[in-house]
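Below you'll find the structures, each written out as structure tokens.
There are two complexes below, and they share chain A, which is joined by chain B in the first and by chain C in the second.
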Partner chain A sequence: MTDLSTPNALELHHLSVAYRVGGRNRAVLRDLSLTIRPGEAYGLVGESGCGKSTVALSVVRYLPRNGVITAGEIALVGHNVMKLDNESLRRMRAESVSMVYQDPGKALNPSIRIGRQMTEIFELRGISDQAAVDQAISMLNRVRISDPIRVMQRYPHQLSGGMQQRVGIAMALASDPTMLILDEPTTGLDATVEAEVLDLIAKLRQELSASILFISHNLAVVSRMCDRVGVLYAGMLVEEGTTAEVFNNPRHPYTVALLRCLPRGGQRKDQIRLDTIPGFLPAPGATITGCPFADRCALADSRCHNELPPLHDLGGRLSRCHYHERAQDLPRTTPGSIAAAPAAHGREPVLRIKDLNKTYAAHGHALRAVNDVSLDLMPGQTLGLVGESGSGKTTFARLLLGLVPADSGGSMQLDGQPLASKLESRSADQVKAMQIVFQNPDSALNRAHSIRHIMGRALRTLAGLKGAAQQKRLIELVRSVRLTERHLSVKPRQLSGGLKQRVAIARAFAGDPRIVVCDEPTSALDVSVQAAILNLLADLQTKEHVSYIFISHDLAVVRYLSDHIAVLYLGRIMEIGPSERVFSGPHHPYTEALLSAVPKLDETEPSRVRLDGEIPSAVNPPSGCVFHTRCPRKIGAICEEQEPPLFDSEPEHRIRCHIPFEELARLQKKQEVIPA
Partner chain B sequence: MGARAILSFLLKRIALSIVTLFLLSIMVFLGGQVLPGNVGRAILGPLADQRAVDALNHSLGLDRPLLVQYWDWISHFVQGDMGTSYIFRAPVAPFVIDALGNSMKLALVAFIMVVPLGILGGIIAALNVNRPIDRIISLGGLSATVLPEFVTGIIFILLFGVWLNWLPIAAVWPPGSGVFTQIYYLILPALPLFLVLFGYIARMARSGMIEALDADYTRTAVLKGLPWHTVIWRHVLRNALLPTITVIATQTGYLIGGLVVVETLFRYQGIGSLIFTAARGKDFPVLEAGILTIGIIYAVATLIADLLYSVLNPRIRLGTDQ
Partner chain C sequence: MTATDIKQPDLPAPPIKHSPAMEVVAALGRSGSFITGLVIVVFWVLCALFGEYFTPHDPLADDIINALMPPSADNWFGTDQLGRDVFSRVIVGSRDILTVAPLATLLATIAGTTLGLFTGYFRGLVDDVISRILEAFMAIPVVIVALLAIVALGTSKTTVIIVIGLSFAPIIARTVRSAVLSERELDYVAAAQLRRESALHTMFVEILPNVIPPILVETTVRLGYAIFAVATLSFMGFGIQPPSPDWGLSISSNYGMIGGGFWWTVLFDAFAIASLVIGVNLVADGVQGALND
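So, the complex of A and B:
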């Protein structure tokens, strides 16, 4: 602390923070010490509830009303943050520290123009009107906003999520801060937009001197952006080191387990099950005697349960584990082996879709959300749908379920029988045959009822079961999603997100469906829970022979679970084919860009293909190939004039591109794209 | 979207208001001319000669088919001819217009008192959440809201009129009084209205403020290092008061239409007391015209409230144009 040269950007000394709930202090951060050196980018990772955001809010002294710092010190650029009076605190926020937030749409004031929200920062430093406007323009230029004058006259809601976050970054950097805190800055953005924003932050880092505290649940993002990383668990630092060390050679069982939960290197459901982490994070305020991770750690012995391990210094890196040298010997929680592959399924598709269209009327314009989509879904297989938001994935899923009627002209067949586009016109069996699992399980579960009641009703309406038969099947079903009978009597709100999602999955399986549409089923879950849900879906598929339509923005997750992939852009299929062919390429330039946008843990050099701008409006799609406005491999006028057909490139693999398949293969040869 | 969207929204709302008013007019017509049964009998009383009753009904046009009567009434009404009062034997319109003007004066005085104080009360409460001052404003406002006007009105008359003798107890100013004298006479009748609305407005302002203070954009503003008063003035208030403004505009309808009790209590010649008098005197044309006029005021006030909200809120005013 008494460094006479440049002070460290941030030092936390034995920081403990608690939230006061029900008259009791519940510890959220426990004895946390860390140092961020000048110019360094430090990543803080951990699952939800581990205290990441509390660290950020403590540093800027903006804890919720019931948050209290119970012990320790925070030194920001050499100043003790906790001793500042109101005016010094305000000056520190104005001059030394800035923050970029998770939800840029909410972080900007909805009723003030962007320009005003920018200039007020400069005015704070005594810069007058016109000069402040000029500075705001140059700041927006700096975050690569091409038309800053126009953007300054807009309100936040008139900008896309990516643009809003650029403005957020511009505002944070406007005061030229010493310390920049990024709290999940790309969570919730499309992968392509995320890639752009991360590129921007990486570039700005070279231009500016700010030190960075980067908070994220996404290990791959942190590994790309940060020099060092700290792993937070139950409010304690359990491991710290350079990103390369921690992610390639983890020395704490929690880090080891976390990394194993991610589908990596093109893992697939027919090769391996993902590892999971049993049990739950200790609740805030729980009394922790030994190692906080001991209850979930297969390496733990009585010493771990009784004696809190110190932060062992392993030469420039730290691990809070008694047995850090053995951390990677952590046995798997879930066996990697899978049940014997099911016998070959029939070759008749369970679902056959031809020329499906959906047009919405939007303010007097026709909006073609789904455009001439044709595809087959085989029994017991998964079709993954990928594409940015606005690509038509969700509309397509709704058409299948009959939640919105399709335009007339196309056709759908379920098991060879025509499937009406309106739900009311479908037979009861057809309705039962198609179920959905949503991103947010709360929307599918009635909060007023117990799990037993919810499941009982599903079994009655979907499977027609009553009395003892219903009870028997209920128990079976609950066990098949790895819940226990004791979960039956509780209500949804008493369950964690992962458990609720299991109930939602069990509900969807109540009537022995033929097809389950999974709309981002794991996007709201932590990676350890996600792994368990993915395993569950894969196991259920093997056992029940069900087909999935799987929608996710996470390509590694899609790859793990899918047999076929359809890549959608502006409602059109740009590429469709067996999962491995689509992923390993050659692929459509759009697929190529999507794949290279994903930050990867195993990445050695930054990917090369980037998309500029945003997905165009479906009201007024570009002429010719709809992707030509953003295509990095556009070949000329033909792309602007003619829409390419969906062309059979190799067996079962179709690509909508003017570039011949062999040429695509040549262009993309050097790039082996493997999602994290 | 933008201006055109607002225009189409406005047209839709106007069309909807017209439908509402049409339905109201049917109800008023039924209530005034059909439900009393025999209007002539109702006016002349049970002892009158049947021939006199028939003659009266005939002269009032009440022996014609209902549809004809309704059309006759409504087609004149929309042209400003509200019919002829049974009691005063004079056109209804001037009575209604005079009374409406008086009611608006009273409403305006109440408004000028309650809007700034209600908003201020809400802001103070929100900035001191769960402290004593917040409890006083919130609980006090709520308790006052549930007290009926005739209770608070009588208390005020006793307190300020009779006991302290500060204010005139009847809102009847001497002819030819100036604006300030009129206001002076209107303070006492406005007080019960103030009490009814204060809690309501303060509560809206308070919850709007609390929501805005907790919002992410307020956190952004604070962490920019802006001084506290700039955060409140520039970032919080505007977003916080948007819903409150709408509520206030909607209350205009209540303030003008809901004054029967207060106006009667203070013997004030407003539209409420006009309706009351007409009802007692079985003066159906006046009754119908009065109620329909209040209906129109309500419709217009709600329309203005919606319009105000969309004009003040850039998300609605400008729409998204991606």
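So, the complex of A and C:
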């Protein structure tokens, strides 16, 4: 079928890769074959640990020292990569294949100016000084950097993350490669910046001829960017096909299960529990006799456990499942139904915040991280906080907890009692009433202590329990997050990310808190684990009647768990209201932009609104409406001169915008009717 | 679709991993420099403990008639100006240095760790004041501080231990402080604050176990310097006092003889000091490598 005159951009034939650990070869990739045609964008998805990055590293032969290719062949534009000597390998890396890494801040050399790093690439190809500079400028123009000369004089740390990634892409494209490998290129970026970078890559695809290998854990991003997609599991390709086919009509239970873990289409905690994938990915090097997914698959029978399914060819697509025709009948592993929601609770807010401010001193300037924030949190409800990084979400959470003291002037009330801004001045009951689940459990759990010690200490200090009573409650608590006593004796490093986060959640619940702040609790986790954690949080809320302040950059996750949403920008609340109203709109132009920046799996049309540039510095916020510098719906001078009030648009729904609510409704409605 | 009775993900066996301590021990076992260093150090420790039972002669017995004899079958390393057997003296000469130097290092580690925890944990004014004082101490050479203190307090092993211990403490404090500074940014410290743990609990129970590796490295490195410092002080007459067969002291009382060609009175003691310092440094090197892997 392929045109014989142009070789395929990349062909992997029965590739097996192992890492040598403790004197044993542990298989990471198993008999992996795939083909990327010229000009094609191929997405590789799967949970962490399934071998995605190893594929990328093998292709450019950058495997770590203990990595060995145990079998198979890699052909890059018709050349066998494994037979290249050092010189031709160097030439191949310089000329035909480029890589863009996840963390541009680490991929760029921090001590060399951008300009030098760019020209170096051209000089390697024998282009003289001045010509190299010119080419670098045109390359930066190409990645939509408007002022390349100034950017070239900077050091990487002087650029924002989005800008750094553009430079990374420009450098990757500088050699006009035939194969571009993108390894999680937008994972560390804000949704708005991610949208920009993805737009850029999509546009560059039309301008350049490069084929793309796009590696991501984010299914929605891959579905937006790629023509075809391969699903990797335990180092094996389990499904492959066009993006639309695989995501809309998956034929492998793993793909089916993965798609079900994502909160989609506005699912909410009071309607349904998310499905999860039981069990764990086989460890690297595990002996797999049958289907690698069999242990976690509800469809599996004895054949699946004993006989490795071949890659069935289903007419242009592949599935490694004995029962691919009924993959979608995969039963749910977590009941979707939920216990009846408890009756409405009292109408008195558990937490009432009024005019909360926080000013930091930054190099002699005042930096106002949180600006006049007022809100109420009702008992048993969740308030979602959204906004780009730098919008003050985390600072706000730390103010509530008393970890940083607020400026004087504002007030906080917990259950009607005044709440001091300093932790030391709070009563013991107030301290234990507010706890937090941190983003990164590795940092949140003391790695020197056993789980038993960590939990026991929390029960002793927060619940005042000792001895047998402590033991009893410890077991209860551990069971309530669905861990067992067996987990108590180990140290955090011996647990997986999801299990560690369960421990952190159990610790937060040790003193029967009234409010738990969840600061991006699932962003470090895989989707299947994320689903389990979200379910757990929702269940605990129903059972313990606790309120959450839920911070996340993932809007679908926030939507699933939140009753109310507050949208923050430069420390100000731009919009606040019941979750459904904020999401369904009409909404603040900033909310609108955030929502359309997120790639969605069910997306039918390209998103409409894009934000230009970066969030301005809080040291020197824009005059008037702080959002006017980036607002796609700016109406005129009034936006630059007057700060709009937080206006009651509908009952309980407030928006900080000069555009009247009805007008916003009209503008946002109109856009929906006319496809872009 | 109904829920099936598939096992929920609540019973994952904790993966079998070796404890961090076991991994470090295994890495040490693979480290050539650690093993070499350990063999040298253990050799001298055994000599210090049991050497007196094996020495061919009494290391303290004078024999003026046979003074300054060159190495021979009877006196392998020759004899010194009082006719004492150099070989026997070298064998037991590590006794004092191997009590004084480790005790001084231990004192430095305890004091330095405590100071480092306080400065790193409290930061701010506490850090500023203590750190400036420590820096001022570090600006003065150890030997000068030691000389002044010993002149003021009188010569004794205890004085030497205290002087060397306290002058090394600021260096260890600085290492511990920087480790604590990055450690206290981790969320488990915030979690401890949210449980209202006392500062002492947070410092010594939460943070300390996590900064043990840099402390261990610094301690072994300091031990090498401490041996060096004790030998130097003994050589200058302010450390270990006669009639101990201490190496530094022996060199000090015999180095005038080198001009007369009596090299054996000094050379073997010098080699002994060098080998012990090198041995300790090799151990330190191995420890550092194993902990940083």
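Methods note: the second predicted complex is superposed on the first by the 665 of 676 C-alpha atoms of A that agree within 3 Å, B and C clash if a C-alpha of one lies under 4 Å from a C-alpha of the other, contacts with A are read in each partner's own complex, and residues count from 1 in each chain.
Here, a residue touches a chain if its C-beta (ideal position, glycine included) is under 8 Å from a C-beta of that chain, and two chains touch if they have at least 3 such contacts.
Because the structure is predicted, anything quoted here is derived from the model rather than measured.
Participant: By the touch definition at the top of the document, which applies to A:Y62: first (chain B), second (chain C), both, or neither?
Facilitator: first
Participant: First (chain B), second (chain C), both or neither: which does A:R37 touch?
Facilitator: neither
Participant: Give one of first, second, both or neither to describe whether A:H13 is in contact with chain B, with chain C, with both, or with none.
Facilitator: A:H13: touches no partner chain.
Participant: Using the touch definition from the top, say if A:E120 reaches chain B (first), chain C (second), both or neither.
Facilitator: The first partner, chain B, only.
Participant: Scan A:P331 for contacts with chain B and chain C and give back first, second, both or neither.
Facilitator: A:P331 sits against chain C, while chain B stays out of touch.
Participant: Which partner, chain B or chain C, is in contact with more residues of chain A?
Facilitator: Counted on chain A, the partner with more touching residues turns out to be C.
Participant: Looking at A:T276, would you say it contacts chain B, chain C, both, or neither? Reply first, second, both or neither.
Facilitator: The answer is second: A:T276 touches chain C but not chain B.
Participant: Mind listing the chain B positions that touch chain A in their complex?
Facilitator: Answer in residue numbers: 1, 5, 215-217, 219-228, 230, 234-235, 238-239, 242, 312-315, 318, 320-322.
Participant: If we count contacts the way the header does, which residues on chain C are in touch with chain A in the complex?
Facilitator: Touching chain A from chain C are residues 1-4, 6-15, 17, 19-20, 186-188, 190-191, 193-197, 206, 209-210.
Participant: Could you list, by residue number, the parts of chain A that touch chain B in their complex?
Facilitator: Spelled out, the residues of chain A in touch with chain B are 60, 62, 90-95, 97-99, 101, 103, 106-112, 120-121, 124, 155, 157-158, 160, 171, 175, 363, 614, 617.
Participant: So in the complex, the part of chain A that touches chain C is made up of which residues?
Facilitator: Per the touch definition, chain A meets chain C at residues 276-280, 283, 298, 331-336, 401, 403, 423, 428, 431, 434-436, 438, 440, 443-449, 457-458, 461-462, 482-484, 486-487, 490-491, 493-496, 498-499, 507, 532.
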